[in-house]
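Both of the next two complexes hold subunit A, though its partner changes from subunit B to subunit C.
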Partner chain A sequence: MYLPDGYTTLTKRAPKDDREVYDLFFGPNHPGMHGNFGYVLEMEGTQIVRVRPNAGMLHRGFEKSMENKRWVQNLSLIPRVCVPDPDPNEVAYCQAVEAIMGIEAPRRARYIRSVVLELSRLGSFLMGMGGVGGALGHYSIMYLMMESRDRILDLFEELTGGRVYHIYNIPGGVRRDIPPGWKQKVLDLVDHLEKRLPEYDRLLYENPVVHTRLQGLAPLSAEEAITSGIVGPNLRASGVKADVRVDAPYAAYDEIEVNIECSGGGDALARAVQVRMDYLEAIRIIRRLLAKIPDGDFKLDLGNLMKLKVPAGDAYSKVESSKGEFGYYVVSNGGMKPYRVSVRGPSLPAGLYLCHKHLPGMKIDDVAVWMATLAICPPDIDR
Partner chain B sequence: MALGDKSFFTPFSTLLNIFKKTLTVAYPKEDINVHGRPGASDNYRGMHTNDLEVCIGCGTCSDVCPTAAIVMQDTGEDENEIDPTRKPEQPVIDYGRCCFCAFCVDSCPSGSLSMSRDYIYTSPSIEEEPLAELEWKVNKFTIKPDANHEEEKSWISEVDLAWLDYVRSDMEHHSPEKRVQSFIEIVHGFSRQQALKEAQRCLECGICTRTCPAHMHIPEYIRAIYDEDLKKSVNIMYETNPLPAVCGRICTHKCETVCALSHRGEPIAIRWLKRYAVDNVKDEDLREVATKNKDVIKSNGKKIGIIGSGPAGLAAAYYLSGMGYQVTIYEKHPKAGGTMRYGIPSYRLPDEALDREISQIEAMGVEIKLNCEVGQDKKWKDLKQETDAIIIATGFPTGRSTRIDKTNNPNVRLAITMLNEIRLGKEIDVHRKIAVIGGGNVAMDIARSMARLQKDKFGEVDITVTSLESREEMPADDEEIEEGKEEGIVFKPGRSPLEVKIEDEKVRGLEVCRCLSVFDENGRFSPKVDKNIRECFPATMVIEAIGQAADYSFLTENEQNLLNIHRGTLMIKDGYQTGMENIFVAGDIVNGPDVIHAIADGHKAAQEMDTWFFGKRNLPLKKAPLE
Partner chain C sequence: MKNFNEFIQKFNSFYQNKAGLTRKYKQQYQIVTGRDELLGILNWCKQNSFYHLANITCVDWIEDEEFELVYNLWSYEFKVGCLFKIRIPRAKPWAPTAFELWGQAQVYEQEIHEFFGVYFPGNPDLSSLFLHNWHDLPPLRKDFDPLEYSRQAYTVEGLGVKPEYEPEVEPEDNSEGRKS
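Moving on, here comes the complex of A and B:
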C-alpha cells in the first residue's frame, strides 16, 4: 500500500522508542477532539515531536452519496457536512444548482437565506467560543453560550421546523415563508445576545488565564495563511481583509453593508478575538437585513421538484460560513441526479497540513486549543 | 482585548450571581414555554401523522424519502374492490432511518401526510412485550402513521407549499370561430416544452395503470418522454396498445380521472402526452418499434380471420401476427379503421394519424381485405373453411331510435348513419334548424359535425341538443360540451322527447317535456317525466343519437342460432370465446362502445386464442424498467 510521507499504518511503537518517545492517540475518542477525527502524536514527555492526522473514521461518503440521490433529496444530507453551521452547505448547494439552471431565487428568498445564514453563524460562533472555553477547562462559559445558542435554535425551529438540521433551502428559494411575529423575535434575540456579550468578555476575553494560554500559540503570518488556504475569520485574524460576503456577494449581501475588521496578530488569541468581532458584526447584519426584507415570493415554481432536471453544466458556489469560505462544486450531465458534487471545506488545510508545522513543539493540552481556535471540523476533511 | 481591572474585591463580585435569575429551568416544575405554549413550535417536524381516509397509497412519500425510511405496506384489500383512485397500500416509517426532513409531507399529492409537534416516542420494553428479539428490534422503530398525532399537526402539506405541480400545461386549440368553419383538427398538440413540463408533473405512482382497460405502462412511457426518448416511449406503448396516436386523441382517458394529482389539482394530461410521443417520433423509429420482432417470429401455420377493422380487430391482428399467426381482416368499407374512421369526426381524429398506425399493423404482415363484407362478398361458410379461427369484431355499427311518434319521417335520422355518410364523403342534406336527441359523445360528434356543415352552407349554426340527463349527468366529455357551446350549439338538457312535429310530411320541430330523473334508486334506467311542462324546439331535421347496437345480419339465421345469438345478443363464455370454440369476439360487442376497451379486448382475445391453440406458452408481458 502506498502511503505518502508522514502517514503510516498505526504502529504502536515510534521509531526511536526507548520509552522516551511514545505515540499518543488524540482522538477520535477524546473530549478535546471535534468529531471522529484524530491526531497520532509522537510525544516526548508532554511535548509533541511529530503529528500524523488520522482521518477516515467519519467517512460517510457525502460526495459519493450525492451522486446517487436526486437533486432535492440531497438537501437532507447536505447540512450534515457541518453540524454547528449547516446552512452555508444548503445555500451553497442550492446556489450552485440555480447557477447551472440559470435561475435566481426571488429577492425575499435571498434575504431570508441571508438571515438564516447569519443566525447559523451566530450559533456556530457561540459553539466555537464555548469550545475555546471548554478546551481551556472553563466550562461555565461553554454552558452559558450553549444556552444562548439554544435560543437561536428555538427560532430556527419556528422557521424551518428543525433545530439543528434545518433542511430549509431548496433550489429556487426556501421551503416556508417567515411565520408571523418571527422577525420581531429575531430582533429581540439579537438584542439579548448583544447584551450577553459583556459577561462573555469578562469570562473569556478578559480572563488572564485565557490570555496566557492563547497568546503566541500557533501564529500564522498573513503570507502563510494565504498560501496554505486558510479562509474566513482565521485569515482575517492574520490581518488579511477577506470575506466572501464582500468579495463575491451572494444572497442579499450585495444590498447590505458588511463591515469586516481584522484583529491582526495571527495567533490563537487573535483568532478567538476575531470570532467575537465577527459575532458582533453578524448581529448588526441581521438588523440591517430585517429592516430591508422585501415582500414577495419566497420560492420559484420549478414544477415537480422530485423530477427536477438540471441542464448539463457545472458551477462553483461559495458561501462565507462561520469558518470561512464553504464551496460546492456541482457538475450536472443533464439528469435527475448530480454527476458530481465536490465540497470545499474551509478547515481542511489547517486540520490536515498545517498541523505538521505547528503542532510539533506544543504541549498536549494545546491540541484542543488548536482545534478550537482554527475551528477544525472533521467532515471538511472526511466527506 | 484589555484585561479587566483587578482589585481586592474582584473575587467577591461573583457573589452577585446569587441574585441573578438562573438561565436553566427545572422541568417539569417550570414550564418550557418558548413558542407561546408548552412543547415544540407550530412548524415542528416531529412524528408523522397520516389521515388514512385521505391517503391514496400512491407511494410518492416512499419515492422521495432520501433515507429510504418509508416503505409501502399492503393493506390486504382486494385491488379490484377498492376505490380506483387509490392503491391498497399505506406508508410505514422506520424511525431508525427517518431524518425528519418532511420531504414526504411536501410531496404528498393528497395532503394526507403531515408531521406533528410530538417528538417523544417510547417503545414498550422487552419485558412488557415479549417478542422474539429480532422482531422486537424491527418493530421498535417501524410505525405505521395514522391519526395518532392528528391534534398536534404542525408541518402540514399545502398546495402552495407542495413540491408538486398541480397545474396542467395549457393545450392550444383553434379558436371556435376558426374551427367551426372546417373539419380541421382542433387540438394543436403539445410542444416539446409543454410536453416536458407536463411529463415532469407525473409522480409515477401507477394508479392510472390499473384503471386503464389496456393497463398501459403509463408512468414508464411518461418517464421516457421526460427523458426525451420518444422511441422508447412508443415502444412501451406498443406493448399494450398498437393504436397510441388514436388513443392520444380520442381516448376516454379513464387514467386521468384517477390521477393522484387530481385530488388537489389537475390530473396529468396523459392523453396529450401519448399523442405528443407518437406524433413526434420519427417514421423509421415508429416502424422499427412497431415491427421489432417481425424478423424473428416463426409462423405457426394457423390462419385467423378477423371480421371488422376497428380498434379491436386491428389490435387483435397486430398481437396475433406478433405471435406467428397469419391474419386476414375483412372490412366492408373502402378503408380500414371502423368506427375510428367512419364514426369519429376528423376534427377529433384526422385520417393521417389513423393511416400511420394502420400501416404499422400492415407492416407486421396483416392482410386487410377492403370492400369485403362477410356474408356478401365473402361467405361465412368459406371463411370458416379457410381459417382455423375467427374473431368477430364488428362493433356497434347501427344506431338506436327513440321510437317516439313519427320518427319514420326521412328527415328524422340516426347519428351513426349520418356520421358514416359524412366520413364517406356522401352528399348530406343539411337543414337550417336541427334538433339532436342524446347526451353522449356521439350526440356531440353529430351536433358539431352538422354545425360545421351548417356554417359552410348557411354561414350560421342553429342546432339544439336535448338529452334526458341533466347537464351534470350528461355522459359526454365536459370539454366536448363546452367546445360545442363555443361553436354555437344550444344545449337543453333534462328533457324527454315526446314526438316529432310534422306538417305536410315535413318536420317542423321536436316536442319535449321535462325529465325529472333518469335513474331509479337502484341506478337502473327508468326516466321520470313531467308531461305538463312541455316545449317545442323548431327544427326541420331531427337526429337521434341515443346509442348504438350490434349488427349480426351478416350471419344467416341458422348461423346465428349456432352462435347463440338471440334477439341481437351474443352469448359468450367467460372471456372472449363464443359457443363455437374457434370463434372469438372482441370490442364493443363485449364491453360497449369505447376505443381503449376495444383495444384491450383485441389484445386479450388474441392472447386467449393463443392459449386455446397452444396452451399457456406465452410469457407474461414485462414492464419496461424505469431507470
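Moving on, here comes the complex of A and C:
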C-alpha cells in the first residue's frame, strides 16, 4: 500500500495538518481496559479531544432476569454484577429483602457478613493496586498482589465452597457457619498481608515513576466529586470524610470502630494512596470483628427459601464496597419473585459521566491509569 | 440548616399540599410528589444538603398504567437517605430532566429512556447507550417478553431463515434388536 511521507495507516494525517482528528478504540481488546467495555477516543495526535463511552458489550440483562427468578435464586446471579468484589452485592440485596420483610439477621450472622465483606474488600483492593501497577507497566506488582489475593480466595473456598463467587449470604443470615479453625486462618492471613505492605510500598507507593505519573493526574475537587456521584475511596481521596459503614452502619459495623481517614489532594496519586489506607484499615477491622464475634445462630429460620414470599414494599439498601456505595433498590409486590431490582453501581458516574470531563486533554497513555485509580469496573455499569 | 428535624419542618411548611415526606425505616425517608413539583423540590433538597444523587431508577407499574421514577438522594450532613418518587402515565411517559442539577443524571436518564422508553426533554443525549440496533419494546418494560424475543431473534424459525445445509437423517433400523 502506497503512503506518502509522514502518513501512517493509523493517523491518516500529514505531519503538519494538526486539525485532523481520528477515532481510537480504547477497549474492549486493550490490556489497560478492565472488562468488556470501551471508550472511543477522538484523538489529535496523542491527545484526546472527545470521548464516547462504548458500553453494552457486557450487558446481560441482570435486572430483567431477576424479575423472572425467585428471591433466593437471584443470589446466584447478583455476585456477577461485580467480579472482583462480589459480596457487597449479596449483602445489599439480602439487606433490602430483610428490610422489606421487617426482619434482621442474627448478631453472629451480621459479624460473619462483615468479616466476609472486609475480606472481599481486601481482595478487591489488591486487584486495584495491582491494576495501577499494571497500567504503569510494573507487572511484578500485579503478580505479587494476585498471589496475596489467591490466599484470600483459598479462605473463601473453605468457607463458602466458591473462590470468586461465593453465594454465601441469604435473606436472614448466611448459608453456613464458619468452619472450625477458619477464624485463626483469617487472623494468620491478615498478619501475613500486613507484613507484605512494606514490600508493596517499595514497589508502588515509594516508586518515583508511579509518583511522576500519578501526581496531578485528573484532579477531582470535593464539590465536584459529591455532585458527580463519586463515592467511597475516590470521594475520601478528595477530602470528604464519608463512608457507608460509618454514616449508615449495617451488618456489625455499628458495634465496631471504623476509622476513616482521607488522603486528600483529589488527584490520581491521592486515590491510589487512599486505597492503601483503606486496605490497612480493613485489616484492622477484621481483627476487631474476629475478637468480638459472638456465639449464636448464623441464620433465621425462614422455612424453605425457594418458597419465600416477601410482602409488598420497597427498600434501598447500600453497602460500602471497595469502590464505594453499592446499592440495591428492591421492589416487591408480595410475590415469590422480585417485582423490580435496580442496581446502583459505584462505577457508573465515573465511567460514563466523569469521563467526558476528565479525558479530553489527557494523553492516551494516562487513560488506563485514570481508569485504574478511579476503580472503574464495567460489570456494574453493564448489569 | 442545623439538623434533619428542621429540614422536615421547613419542607412541610413549604410543600405541605404538594408532597408527602414519610419515614420508611432507620435512616431512610421517602418523598412522594407529582411531575410538576419534581424539579422545584429536587432543587430545594439539593440546596438543603441533599447533594448526593445516588441514582435514578424506574419501576413499571403496568396494572396501574404508570411508571414510577425514583430519585435516590443522600445527605452527607444529616446522614439520611431520601427516595424521591413520582408517577407518570405509561401512555406518554416523560419527565423533566434533572441534568441541570446533577450532571450524572444525564446518564441515568439516558439509561431509563433506553430501557423503559421514558422521555426526558432537555436531556442533551438520549441516544442508545447499551443496546445497539434495538428495534423492539424497551426491554425492562413488563410487557416485554425476553423468551419470546429470543425465539424471534435467535432461532431459525423466528428468523425465517432456511439453513444452508440440512443433514439427511435416516431412521436407524432397530428391527433386529441389539447385536451381541
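Here is the rule we use: the second predicted complex is superposed on the first by the 364 of 383 C-alpha atoms of A that agree within 3 Å, B and C clash if a C-alpha of one lies under 4 Å from a C-alpha of the other, contacts with A are read in each partner's own complex, and residues count from 1 in each chain.
Rule of thumb we're sticking to: contacts are C-beta pairs under 8 Å (C-beta built on N, C-alpha and C of every residue); 3 or more make two chains touch, one makes a residue touch a chain.
All of these numbers come straight from a predicted model, not from anything done at the bench.
Participant: State whether subunit B and subunit C clash or fit side by side on subunit A once the two structures are superposed.
Facilitator: fit
Participant: Is A:A109 contacted by the first partner subunit B, the second partner subunit C, both or neither?
Facilitator: Touch partners of A:A109: none, neither subunit B nor subunit C.
Participant: Check the residue A:V81 against both partner chains and state whether it touches subunit B (first), subunit C (second), both, or neither.
Facilitator: In the superposition, A:V81 contacts neither subunit B nor subunit C.
Participant: Which partner does A:L290 reach: the first (subunit B), the second (subunit C), both, or neither?
Facilitator: neither
Participant: After the superposition on A, what does A:Q73 contact: first (subunit B), second (subunit C), both or neither?
Facilitator: After superposing on A, A:Q73 lies in contact with subunit B but is clear of subunit C.
Participant: Touch test for A:C377: subunit B only (first), subunit C only (second), both, or neither?
Facilitator: Touch partners of A:C377: none, neither subunit B nor subunit C.
Participant: Touching A:L159 in the superposition: subunit B (first), subunit C (second), both, neither?
Facilitator: After superposing on A, A:L159 lies in contact with subunit B but is clear of subunit C.
Participant: A:R202 in the overlay: touching subunit B, subunit C, both, or neither? Say first, second, both or neither.
Facilitator: Touch partner of A:R202: subunit B, not subunit C.
Participant: Of all C-alpha distances between subunit B and subunit C after superposition, which is the least, in Å?
Facilitator: Nearest C-alpha pair, subunit B versus subunit C: 11 Å apart.
Participant: For subunit A, which residues lie in the overlap of the subunit B contacts and the subunit C contacts?
Facilitator: Looking at subunit A, the two contact sets are disjoint.
Participant: Of all residues in subunit A, which touch subunit C in the complex?
Facilitator: Residues of subunit A touching subunit C: 53, 55-56, 59, 61, 63-65, 68, 99, 226-229, 231, 240, 242, 247-248, 314-316, 318, 325, 327, 329, 331, 339-340, 342, 344, 348-349, 352-354, 382.
Participant: How about subunit C: which of its residues touch subunit A in the complex?
Facilitator: Its residues touching subunit A are 24-28, 51-55, 57-60, 70, 72, 76, 79, 81, 83, 102-104, 106-108, 129-132, 139-140, 144, 146.
Participant: Considering only the defined contacts, which subunit B positions touch subunit A in the complex?
Facilitator: Counting only subunit B, the residues touching subunit A are 1-4, 23-24, 34-35, 40-45, 60, 63-64, 66-67, 99-103, 106-107, 115, 154-155, 161, 163-165, 197, 200-203, 226.
Participant: Sort out for me which residues of subunit A touch subunit B in the complex.
Facilitator: Interface residues on subunit A, with respect to subunit B: 69, 72-77, 144, 147, 154, 157-162, 165, 167, 170, 175-176, 179, 201-202, 205-206, 208, 211, 273, 276, 301, 303-309.
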